[in-house]
Amino acid sequence: MEKRELTCIGCPMGCQITVELENGEVISVSGNTCGIGDKYARNEVTHPERTVTSTAIILGGDKPRVSVKTASNIPKDKISDVMKEIDAAVMKAPIHIGDVVVKDVCGTGVDVVATRNVEAI
Amino acid sequence: MTNYDIVIVGGGPAGLAAAVSARKAGVDKILILERDKELGGILNQCIHNGFGLHTFKEELTGPEYAYRFMEQVFDMKIEYKLNTMVMDISEDRVVTAMSREDGMYQIKAGAVILAMGCRERPRGALNIPGYRPAGIFSAGTAQRLVNIEGYMPGREVVILGSGDIGLIMARRMTLEGAKVKVVAELMPYSGGLKRNIVQCLDDFGIPLKLSHTVVDIEGKEHLTAVTIAAVDNKGKPIPGTEERYTCDTLLLSCGLIPENELSRNAGVEMSPITSGPIVNESLETNIPGVFACGNVLHVHDLVDYVSEEASRAGENAAKFINGQLSESKGDEIEIIATDGARYTVPSTIDVGRMDDKLTVRFRVGAVYKDSYVSVYFDDERVMHNKKRIMAPGEMEQVILLKDKLAEKPGLKKITVKIEAE
Amino acid sequence: MLYDVIIIGAGVSGSAIARELSRYEANVCVLEKCEDVCEGTSKANSAIVHAGFDAAAGSLMAKLNVRGNEMMDDLCRDLDIPFKRNGSMVVCIHKEALDGLKDLYDRGVTNGVKGLKILTREEALEMEPNLSDNVEGALYAPTGGIICPFKLCIAMAENANVNGVDFRFNTQVENITSDENGLWHIRTNNGEYVSRYVVNAAGVHSGEIHNMVSKADDKIEIIPRRGDYCLLDKEVGNHVSHTIFPQPTNLGKGVLVSPTVHGNLIVGPTAIDIENKEGTNTTAEGINDLIAKANDHVKNLPMRKVITSFAGLRAHEARHEFIIGEVDGAPHFIDCAAIESPGLTSSPAIGEMVGNMLKDMMGLSAKANWISTRKDVMNPENLTIEERNELIKKNPAYGNIICRCESISEGEILDAIHRPLGARSLDGVKRRTRAGMGRCQAGFCSPKTMEILHRELGLPYEEITKSGGRSNIVLERTKNQKGGNQ
């Protein structure tokens, strides 16, 4: 049996979670305070995921960059590929919170969306 | 001189939440004064996620979180002025402000809410020896340059201090293509949230060296290298442990200081521990009708708590101008932080004025494992909560109930302390 | 172009000499290796106007110190810069050293210092309650003062420039030769300059410049004597009201504690002889030493309120005397070398002395239209609300605060950029306006000041520097590879 100690990143409490695995299967999760921790722990030991936040180029706006995020988690090992697609995006102002910046980033099925408004000038 | 019911100094998360709650409490003439060119304060540059789990039950980025409150301000038609610097607040609540458009002007405020936020401790205050070249930034300044202005300070980065902004910037600079070589932390524990160590450092293989500090800075014009060394338990560098890192950027994330120049000039009494105003249960300072909330009061880890605190300040300011905040009868209970608890906010309670539930927030002075947060009413222990871990980087709280306090007439002091058992 | 006089160095000596020479009909040029005036010793010192009791009786140093001190009121009024005679005190903390105070008093009287007085312990404590409990007596010099060294240097240079003196920045002297016509050829990284007369005001580098033209048996070795300083928050700027010195030693006047003319508290300097003439790095030992020494004379020093520490280099020479005069065997080449403390105080007198020397040697005639005064960057803090509104109505930039710690508006920064010899870097703006000099140390205002420099000077962000050279603030656009510069 394998035992893994994790720090939950689900919220700022940062619970210390212990996961027990047998042949790659999760047997038990303990130390978490809530369901988010349970889910995080199960994902983290089998297929870890992260939300990526960054900025994208925007032209014709009152700011040179618009902040963006992946609308939900993407596989952790795709962070750098996702960043490449975000860096390659060039948006035009105006843009609003939730507008899609990259559709289905890296084939993950997840969109990259704007997290702020940028007005056109 | 114009008149407003409530003038709010600062349009960041605290100011916005205070304005919204004051309006909900029925206050008509509210004015937010913001020095930047947009509302939202520091959240605009905090483009990472992790905000709002308490307030909105979903995980938002900083700009999204700010916008939730901004929308309410717009919808409620609360007045605000941008690019406006408050130059002075007087003891009788005359606010002097200035902007390009309006010049310098004075406002008579029924109540004032201080929501100016905080600033970062600069290199100078850390007494780091060495040269003073370009390439040294407080982490928040670098965050603004990268996220708002869209410029990279450099490509090879060393970070001193493991405060949250430093950790977040370690990831941010890495994602933008820089190499973050090391994060050095003077204390034997991190000043940031645990989740940020996992997802900002561990995820990218960035080493965190606890009990280390920068002992030399090289580069006459631009930074070329820094040397870090281990420190002993008094924080003094240990000879022979020096390691030199070539780099073009040094970020400092070594603590935040509430920005209270205006409060001090107004005569607001300050806590030497928090560097923020001393407030009572209504978040009111020693000057009647002047309230404080958010990072100007004490530095928070979570914006959700800032919003919650600021809402209370807004409600209480509303009560004040409506004459519902009864005058203190002078039988205030003092809250004392001791034995590991460094301070509390608030620091006094007037039971007659308190809500049914009062959240008392505090920080501990060191890392405590499997210890208890205890609350004493005079000499009687009334609360004894076990915590697996407590650290200076994470704010703690206890909740006091009005009913319980009402059962103890004559109670003089409440003590919050950390106990081993 | 053939210049009548070339001055090497735009520090406080070079700038003072330039201003004095600008009175006369002469083509004068100042060569400066840095991007701005006031970049060497002149920018990192105690910011003190010394009374003049310290220098050896009969020395040039003593004479120029006392004369410079006398000139300061009129000069600062003409140049519109702050100067305050806060008075200085040399504090004795050992009974057996009281005789030393008397010696210093006698020397001061010989040097012509006015108003000196020996204070008893009680008198000293009454004037300065935060003196050490061990105080035994003090020498009080009412003519001692505090000044802004940046503003003094910048104002003199600016005034010289308005009166026709050229300034060439980023121009470093590499070699100097003379030709058969007695003209001096100065080779620099920016081409060759030719002049009839040369003044060597190169600070810590004045030895190297001297040695380029002097005889084999007449070499000067300047020893950079490093001084570490701490600057404290304005909140504690009134911890002392006078400039507090310990009794002097052979390494100098010791660690002083003084208010600055801008309301901060300054503690320093140490005195460490080093080899590197650009070695302005502070050290942990230096700062610790400083704090220990300062506490000997002033109690309860609030060292937690330090907002910055820095180091400056004094241009020390073994004889501990200013070297001013024509170099032997190098006609028309004037040294103004080894200007260590009290160089800042002496600078107006150094300017006067070298100016008169050249006037006589060259037979210069006075300019008819010499402008003797200049206005500093305005400080709106002293205006009433009505006056300030009037100002903002005329120029809205004065309503836009950029540096919140020091309350500096965009109007002041624009003035600093667009005036003669205007600011081109963050430090240039800082020294002219104080933007970025407050407790947050430019954390908030530097992005805003960069935006203004970018807009006003057409400088790309990547070329905006802290203080010239390679001191760029940012490297490149994020996502640079993808047309992110648009």
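As written, the chains take the letters A, B and C, and residue 1 is the first residue of each chain.
Here, a residue touches a chain if its C-beta (ideal position, glycine included) is under 8 Å from a C-beta of that chain, and two chains touch if they have at least 3 such contacts.
Remember, it's a predicted structure, so these values are computed and weren't measured experimentally.
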Dominant interface by contact count, named by its two chains: B-C
By mean Cα position, the chain sitting nearest the middle: B
Interchain centroid distance [CA atoms averaged], chain B/chain C, Å: 39
Distance from chain C to chain A - Cα centre to Cα centre, in angstrom: 53
Centre-to-centre distance between chain B and chain A (centres being mean Cα positions), rounded to whole Å: 26
Multi-partner residues of chain B (each touching 2 or more other chains): 146, 148-150, 176
Multi-partner residues of chain A (at least 2 other chains): 55, 57, 64-65
For chain C, residues contacting two or more additional chains: 477-479, 484
Residues of chain A that touch chain C when the two form their complex: 55-57, 59, 64-65, 87-88, 90
Touching residues (chain side chain C, partner chain B) in the complex: 230-231, 278, 280-284, 286-287, 306-310, 385, 388-389, 392-393, 396-397, 399-401, 404-405, 407, 439-444, 446-447, 461-462, 465-480, 484
Touching residues on chain C, where the partner in the complex is chain A: 477-479, 481-484, 486
Contact footprint of chain B on chain A as seen in their complex: 6-12, 14, 16, 50-55, 57, 63-65, 67-69, 76, 79, 83, 97, 115-117
Chain C-touching residues of chain B, taken from the complex the two chains share: 35, 83, 85, 87, 96, 98-106, 119-120, 122-125, 127, 129-134, 137-138, 140-141, 144-146, 148-155, 176, 215-218, 220-222, 237, 248, 261
